[in-house]
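Across the two complexes that follow, chain A remains constant while its partner is chain B and subsequently chain C.
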Partner chain A sequence: METLELQAKNNTPYINFDASTGIMVMKGRSTPENSVEYYEPITNWVLNYIQSPAENTIIKVQFEYFNTSSSKCILDVLKKFAEIHKAGKSAKVEWYFEEDDEDMKEAGEDYGDIVKMPFEVIEIPE
Partner chain B sequence: MSKKQLYENEIGVLSQMRKSITDENISKEDLANEFNTLCDHYEELLDQSKLITKVSDKLQNKLNSANEALANKNIELQDTIDELTKARIGKKAATITFGLAVVLFMISEGVLDPVIEAIVAKVLGDNHTQTGIFKFANILLWATIFGKLIMAILLKPLESFIESYLLKRAHQAAKKLELSTETSTNQS
Partner chain C sequence: MSNYHTLYEKMHDNNIMLTFKGEVSFDLVNSVLKIMEERLDRIEENKKTRKKVYNVLVECLQNLCNHIETSDYEVQGYDARTALLIIETDAEKYKVVTGNYIPKDQVAGLKERLEQINSISKEELRELYKKILDNGQFSEKGGGGLGFIDIARKSGQKLKYEFENVNETVAFFTLRIDVPRKDSAEE
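For the complex of A and B:
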């Protein structure tokens, strides 16, 4: 399966989903004009990936900011990854936030409450 | 972006349930199962709504804080620009005053001093005695010192006047620029 890599732009995040290592990275700012259109190829890639995932899947999420529609799309992506955990394979989310960014920390904790898979909220020291 | 796309799955579940309700051939058991599925989806949707509302509010706070920080930085920047403008104008005013001082000094040496000399000579008349010459030199000295002192005292108020005039002009120019920017923004 090919790696999905999308470069970060002003209003879209950096995406690097590597099926061979199981490391998935979502990083930056997510305020696309059309969130559904932007996240559609990502969701499709995840749907394919969860059919035969790597031994260990780690989803590393590090957002600076995202808009409301992106929050729903991110949740949908994470829920699809949670299927791996549901199927009995190893999968976890690492939600990174910058030191002093309490809002992003709490957002991570809220996601952790709803996504049914191991979820770690990690502070990045300045 | 339409909500239909964003909530496509949820809308699909709702349509399915509506279809089942209007289906006359559906058994009570199947309908109960459909209803259970709808409840599960409803619960999930409620959880999602709670999360999205919470997260959205938090990120709005973050945006507000960022805007506030930006506004404060703008004020700091404006203060720095004002101070720099003041310093630049102060320097310009000092240069102009220095130039004027040089011109006044030259006028004093070339025009004023000979005039004072002539006046003093006329007052003393033909008194060419030693006392008369000494008196003449003394008056001349004090008259030129007094003239130069007056000029020196006037230099500081002159500098302040030039500085305030230049500042007023700079403020007017800044206001004009602000107005033209506002007009072009409104037009676009």
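For the complex of A and C:
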């Protein structure tokens, strides 16, 4: 399976989903005009990936900002990844937030409550 | 011509950072965000506050933009596609004000939503957000009524609003969000 790599733009995050290593990176900002359209290829890639995932899947999420319309799309992506855990394989989320960014910490905790898979909220020291 | 000088002085006295009146397109939203990001970087030392103001702006502007995209009506000469945006600051807070025309039959529903958000605690807001995020109906572009809740959570303040009757069918909706400067709100 080919690696999904999308470069960060002003409104969209950096994406690097690597099927061979199982490391999935989402990083930066997500405030696209049309979130559903933007996340569609990403969700499709994940749907394919979860058919035969790597030994260990680690989803590293490090957002600076995301808008509310992205929030549902991000949740959908994480829920798809959670299927791996449900199927008994190893998958976890590492949700990073910058030191003092209470809002992003809370967001991580919120997602951790909803998504049924190991979920770690991690502070990045300044 | 001296009117313009008066206007300028008034804007200066109110510490207006940015003001706009007109059609709100997504390109405009991006331009405003870019300008505001640069200004906030210059004048706001607190990174947390910078992020909060930016976040509130994103939601306010995208709210306006979405509203405008779904409103192809023009009611008795009141153009639903144009809006007002004012961003002010003083030592205590940032103020983000938006104003736009809405059909009067939307007033009651909107008021109810805003009142609900204003009447519940911070923790309840968080639970409501989570509930809508997990179960809510989302529109084509992904909006789903989370905008106002997010604005209330990020600003930590009640949403200030006003509906002004324009005529039998049209009202002017003003929304004001205050974002406190420094960490005075919580710590």
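Annotations for the structure displayed:
As a convention for this text, the second predicted complex is superposed on the first by the 126 of 126 C-alpha atoms of A that agree within 3 Å, B and C clash if a C-alpha of one lies under 4 Å from a C-alpha of the other, contacts with A are read in each partner's own complex, and residues count from 1 in each chain.
As a convention for this text, a residue touches a chain if its C-beta (ideal position, glycine included) is under 8 Å from a C-beta of that chain, and two chains touch if they have at least 3 such contacts.
Bear in mind the structure is a predicted one, so any value in this text is a computation, not a measurement.
Upon superposition of the two complexes on chain A, a steric clash is found between chain B and chain C. When the two structures are aligned on the shared chain, A:Ser35 is found in touch with chain B and with chain C.
When both complexes are overlaid on chain A, the residue A:Asp100 reaches chain C alone and has no touch with chain B. Once the two complexes are overlaid on the shared chain, A:Ile124 sits clear of chain B and of chain C alike. Once the two complexes are laid over each other on the shared chain, residue contacts for A:Ser69 go to chain B and to chain C alike. By the touch criterion defined above, A:Ala87 lies against neither chain B nor chain C after alignment on the C-alpha atoms of chain A. Of the two partner chains, chain C is the only one that A:Asn10 touches; chain B does not reach it.
Only one of the stretches 115-123, 151-159 or 169-177 belonging to chain C overlaps chain B in the superposed arrangement, and that stretch is 151-159. Overlap of the chain B and chain C interfaces on chain A: residues 33-36, 65, 67-69, 71-73, 75, 101, 103, 106, 110, 113-114. Across the complex, chain A is touched by residues 26, 30, 33-34, 47-48, 51-52, 54-55, 58-59, 62, 65, 126, 129-130, 133-134, 136, 138, 140-144, 146-147, 149-150, 153-154, 186 of chain C. Listing the residues of chain B that touch chain A in their complex gives 1, 5-7, 47-48, 51-52, 54-56, 58-59, 61-63.
Residues of chain A touching chain C in their complex: 10-11, 31, 33-36, 64-65, 67-73, 75, 100-103, 106, 110, 113-114.
Against chain B, the residues of chain A that register as touching in their complex are 33-37, 65-69, 71-73, 75, 101, 103-104, 106-107, 110-111, 113-114.
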